[in-house]
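What follows is chain A paired twice: with chain B in the first complex and chain C in the second.
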Partner chain A sequence: MKLEKLDPTVKACTSLVCVILLSFQYLVSLNIAVFVLSLLLLLTCTRARGIQVLKLLLPALVAAFGLFVTGYFHGRGTRAEDLQKIAAMPYAVRAAMSTGLYPALQISTRLLAYAGFGLLFALSTDGEAFIFSLMHRCRLSPKFAYGILAAIRLMPNMVREFKSVRLAFRARGMQLRWYSLPPVFTMLVNSIRWSQCVAMAMESKGFDGDAPRTCSIVPKLRWYDLAFFSCWITGILVGMCLLRY
Partner chain B sequence: MDAVTIGDVTFRYFPEGKRNILDHVELRIPEGGITVLTGPSGCGKSTLAALMAGLYPGNGGVLISGDVKLWGRSVFSMRPQERAAYITMLFQDPDLQFCMSTLRKELRFCLENICVRPDEIGTRSQQAAKALGMEALLDRPLDTLSGGEKQKAALCCLLALDSRIFLLDEAFANIDTRTAREIVSHLRSAADRGKTIIAIDHHAELWQGAADRVISMGEAQVVAVPPKRIGAGDVPAVVLRDVTVRRDRVLIEGGCAVFPKGGMSMILGESGSGKTTLFRSLLKQHPYEGHMEVDGRDLTAIRQKELFCKVGVVFQKPADQFITQNVLQEVQASLRLWKRQEDARTLLEGYGLWQYRKYSPYMLSQGQQRKLAVLSVLAGGQEILLLDEPTYGQDSRSTAVMMEQLRRKTEAGLTVICITHDEELAKVWADKIYRLEGRRLYEA
Partner chain C sequence: MKWKLKDILMIAVCAVLFGVIFLGATYAGGALYGLLLPLGMPSLGYEPFYGLYFMAVAFAVYVIRKPGVGIVAEILAAVIETLMGNFFGPIIILSGFVQGAGFELIFALTKYKRFDFKTMALAAVICSCVTLGYNLIVSGYDMIALPVLALMLAVRIVSAVVIDAIVTPRLADGLARAGVLGGYAVCEGVAKDLDC
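Coming up: the complex of A and B.
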């Protein structure tokens, strides 16, 4: 089954609750398990391509490495009571943990677990479906929902527009750097004009944010939505109880 | 009974402004048939359309006096949902009238707005698409459709909404004549079924044979068209040899063309045929294969900055190239940037823009914006001017005035290369016509 079929609001709630639960624990093994499971689900149960996942994961990997280095070299080391807990571990592990290795792993793997959840949600959810789901499940106002959808539709235009504006400015003889603000200003003026045009077009088609409207597609909660939610939450709670490191 | 009654309407954009866009306008449009409203650029046609559709003053401007009535009911007293049963509008810019990603979703959005029962939405959407032959495009992302297809998609929404009046505001400004004529024939059928069609259009000739009445706003003015320059410029300004341009697919294959110095050349072609991409290649902004020459030098050997000193460009959307916040500053900035000594006032007066000198360029009408863009570029003194769709949003008089001014400049040595889908414009003004059709660029 593809994760794209799941209700986006349920997916978002699952990610949110799991992230909150993870923030209350310091278990490296649980963080790693969550991260690996997220990646496995991404690669096997979504339409996301491996290279796409890797590209999006790269900033998180860099950040995790940065946190690891910081934790390792500048961490306070494991406290005496923690060392008691790991007394049964081999000497080499205990030695490493008495430096900053364990805290470094704790914070860096936590970031990876968060990134895994974020990617799992982002790459398996259609923006439009998410907005519709929010409209039905969370009573998001249609004015706000369709406003966001119109803005999403204008995004590619904005990128194209920015390139044209920069070209037009250079053709007019202006010296531009990558950080030059005048093209941004022009693009923003145009964006305001666009948003007004789109708003007028929507109104002309009878759209009234406050009036009642019919809904031809009402998203339904299915058993697999609830199964996805409960499996993740239960899994993390069980992991928090059973895992020790 | 009249479908639309406009009584004593006075409207301006700013409460403290001195100029009324519409001043005590009176107009009656009877029910049924096709009514075409024409008039010079900036006379307030689009503003009147927005008022008729009830979009102004709710979305901008101040109604000083008067009322607009649809079958005797004030349009301003209706909520958008109720208004949609009376009037819906097809806008000028095909990119700015959809909020969903595909036509099917947009149709669903429209029908949900007017509270159509969910089980009817699918059938009604399908019927509207079928009427315009758009079924195959129902699930295609709207971004991938051509300008003409987008306008047909927008018309599909109007058909689905089934309002009593279809109002078109310069709906054909961005599309080729063939598609425009196709849409006109669909509208004729709708009018025959009892719909009232009101079209605001500079090109009344597109409606010949279809329109039941033509109403002219503002004063009709005739501009004499000067004879063509025979044998203008034997020295080539721009040469294309065996040029191939791609964007997703091959747009131009092995194209050859010579644009003479001091001449006005035009490239004709339908929307999406690759005309604008060719311009971008000529400006070194898009890759190409083959050989391009500007002023006798290979384009690859000319540095970008040097190229912009020689070649000026006015894009299809002139609002993209304004660099200041008022009309006078816009021209002064060009003179300063290119170190020219001319007087900004004389230039603005020559283009009839002096009275708007304190206006923001964005507040001008489409036609006036284009004139200002041309003027700002020409103030730089470039030898070659690339002009993208000069008739976009312009009435025939404004176009003629602009072309006449450009013609005078060509006599002084300026080379104008213009891309357009307006065959008439090319016939009247071009010294040399090229046609871009089926990946071939050839002299017509």
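Coming up: the complex of A and C.
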């Protein structure tokens, strides 16, 4: 079964609850298990391609490495309960585990676990389906739902506008660098004007965010949505109870 | 506050732009990250750009000046970032709520009457402290030594004050003068180039 079929709100709630649970533990093995499982699910149960996963994973790996280095050289030191855990580890592991290494691994693998959930959501969820699901599951007002979708659809226009504004500035002999702000300001002025026109057009077509609406697609909760949610939560709770390092 | 469709679209369009700027800043942060690697503090490389995270809430609060605007705007920005494929996924909606609440706190205490530099700067400072508290719990920053955390907080505060208390109000005033923020509270007291 492909994960794209799951309800986006259930996926988002699963990832939120799991992250909250993970933030109250310091188990390196659990963090790595969550990260590896997320990647396995991504590569086997979604339509995401390996290169796509790698592209999004790269900044997460860079950030995790940064946290690892910061934790290793400037960690607060190993806590008393972790020292007990380290003492119970096999000698070979203990030998490789200096006092700075364990906290560094704790902090960096946690970020990887979060990134695993994030990637699983980002690469298996259609943005529009997420917004519609939020509208039905979380009672998100249609005004917000369609407002967000309209703003996202304006993005290509904003890019096009930015390019033409830069071209217009150059045509007037202005020297522009990549960080020059005047074209950004002009583009923002035009984008806000568009947003006002879009709002006016939607309202003149009869859009009213407060009136009751009928929907052509009403997402339903299925057994596999609940199974996905409960499997992840149970798995993390069991891992928190059974795993030691 | 009752949101109108044009308010939502205006904030959402700005959030899209701020999201793109933030993405660009992340790459700039990557360069700093490399420079700070030999010192063992690469994570500090992202802190100078932290104020960009709060731009959506600072902009919305400064322009609309009504209760709850900041939290809603920041959550809106977070949802848009999630849809744009942020690798942290829906967790950033939770971060968005924390950032929005942290920034708006001081305005709630002053009953949404003061929007001068001092109040904006104070909001930026409080928001920086609140988000670092969030990072301590959720991101595991409690494993980092206190002096480094203090340095991170100091850089974050400077970034937030410069970007959210100086740059963002100037941007909003500029937009008001350009005549695109007609009907919003920010237009009161702003010299008009066109009509506001």
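Here are a few things to note about the model shown:
The rule is simple: the second predicted complex is superposed on the first by the 228 of 245 C-alpha atoms of A that agree within 3 Å, B and C clash if a C-alpha of one lies under 4 Å from a C-alpha of the other, contacts with A are read in each partner's own complex, and residues count from 1 in each chain.
The definition used in the following text is that contacts are C-beta pairs under 8 Å (C-beta built on N, C-alpha and C of every residue); 3 or more make two chains touch, one makes a residue touch a chain.
Predicted model only: the values in this text are computed from it and were never measured.
Steric overlap between chain B and chain C is absent once the structures are superposed on chain A; the two fit side by side.
Of the two partner chains, chain B is the only one touched by A:168; chain C is not. Applying the stated contact rule after C-alpha superposition, one finds that A:139 touches neither chain B nor chain C. Using the contact criterion defined above for the overlaid structures, shared-chain residue A:150 touches chain B and also reaches chain C.
In the superposed model, C is the one of chain B and chain C that contacts more residues of chain A.
Touch criterion met: A:205 reaches chain B, while chain C stays clear of it. By the touch criterion defined above, A:194 reaches both chain B and chain C.
Once the two complexes are laid over each other on the shared chain, residue contacts for A:216 go to chain B alone; chain C is not touched. Measuring from the middle, so to speak, at the Cα centre of chain A, the directions to chain B and chain C differ by 70 degrees in steps of 10. In the superposed model, A:56 lies in contact with chain C only, and not with chain B. Here's the short version: in the overlay, chain B gets within 6 Å of chain C at its closest Cα pair. Where the contact sets of chain A with chain B and with chain C meet, they give residues 146, 150, 152, 189, 193-194, 196, 198-200, 202-203, 207. Those residues of chain A lying in contact with chain C across their complex are 11-12, 15-16, 19-20, 23, 26, 56-57, 59-60, 62-63, 65-67, 69-77, 103-104, 106-107, 110-111, 114-115, 117-123, 127, 130-131, 134, 141, 143-144, 146-148, 150-152, 154-155, 158, 184-185, 187-189, 191-196, 198-200, 202-203, 207, 209. Partner chain A is touched in their complex by these residues of chain C: 3-6, 8-10, 12-17, 21, 26, 30, 33, 37, 40-46, 76, 79-80, 82-91, 93-94, 137-148, 171, 174-175, 178, 180-181. Against chain A, the residues of chain B that register as touching in their complex are 50, 53, 55, 58-60, 79-81, 83-85, 87-89, 91, 93, 95-101, 105, 108-118, 121-122, 142-143, 157, 161, 280, 283, 285, 304, 308-309, 311-313, 315, 317, 319-323, 333-334, 337-338, 362, 376-377, 380. By the touch rule above, chain A contacts chain B in their complex via residues 128, 146, 149-150, 152-153, 156-157, 161, 164-165, 167-174, 182, 186, 189-190, 193-194, 196-208, 211-217.
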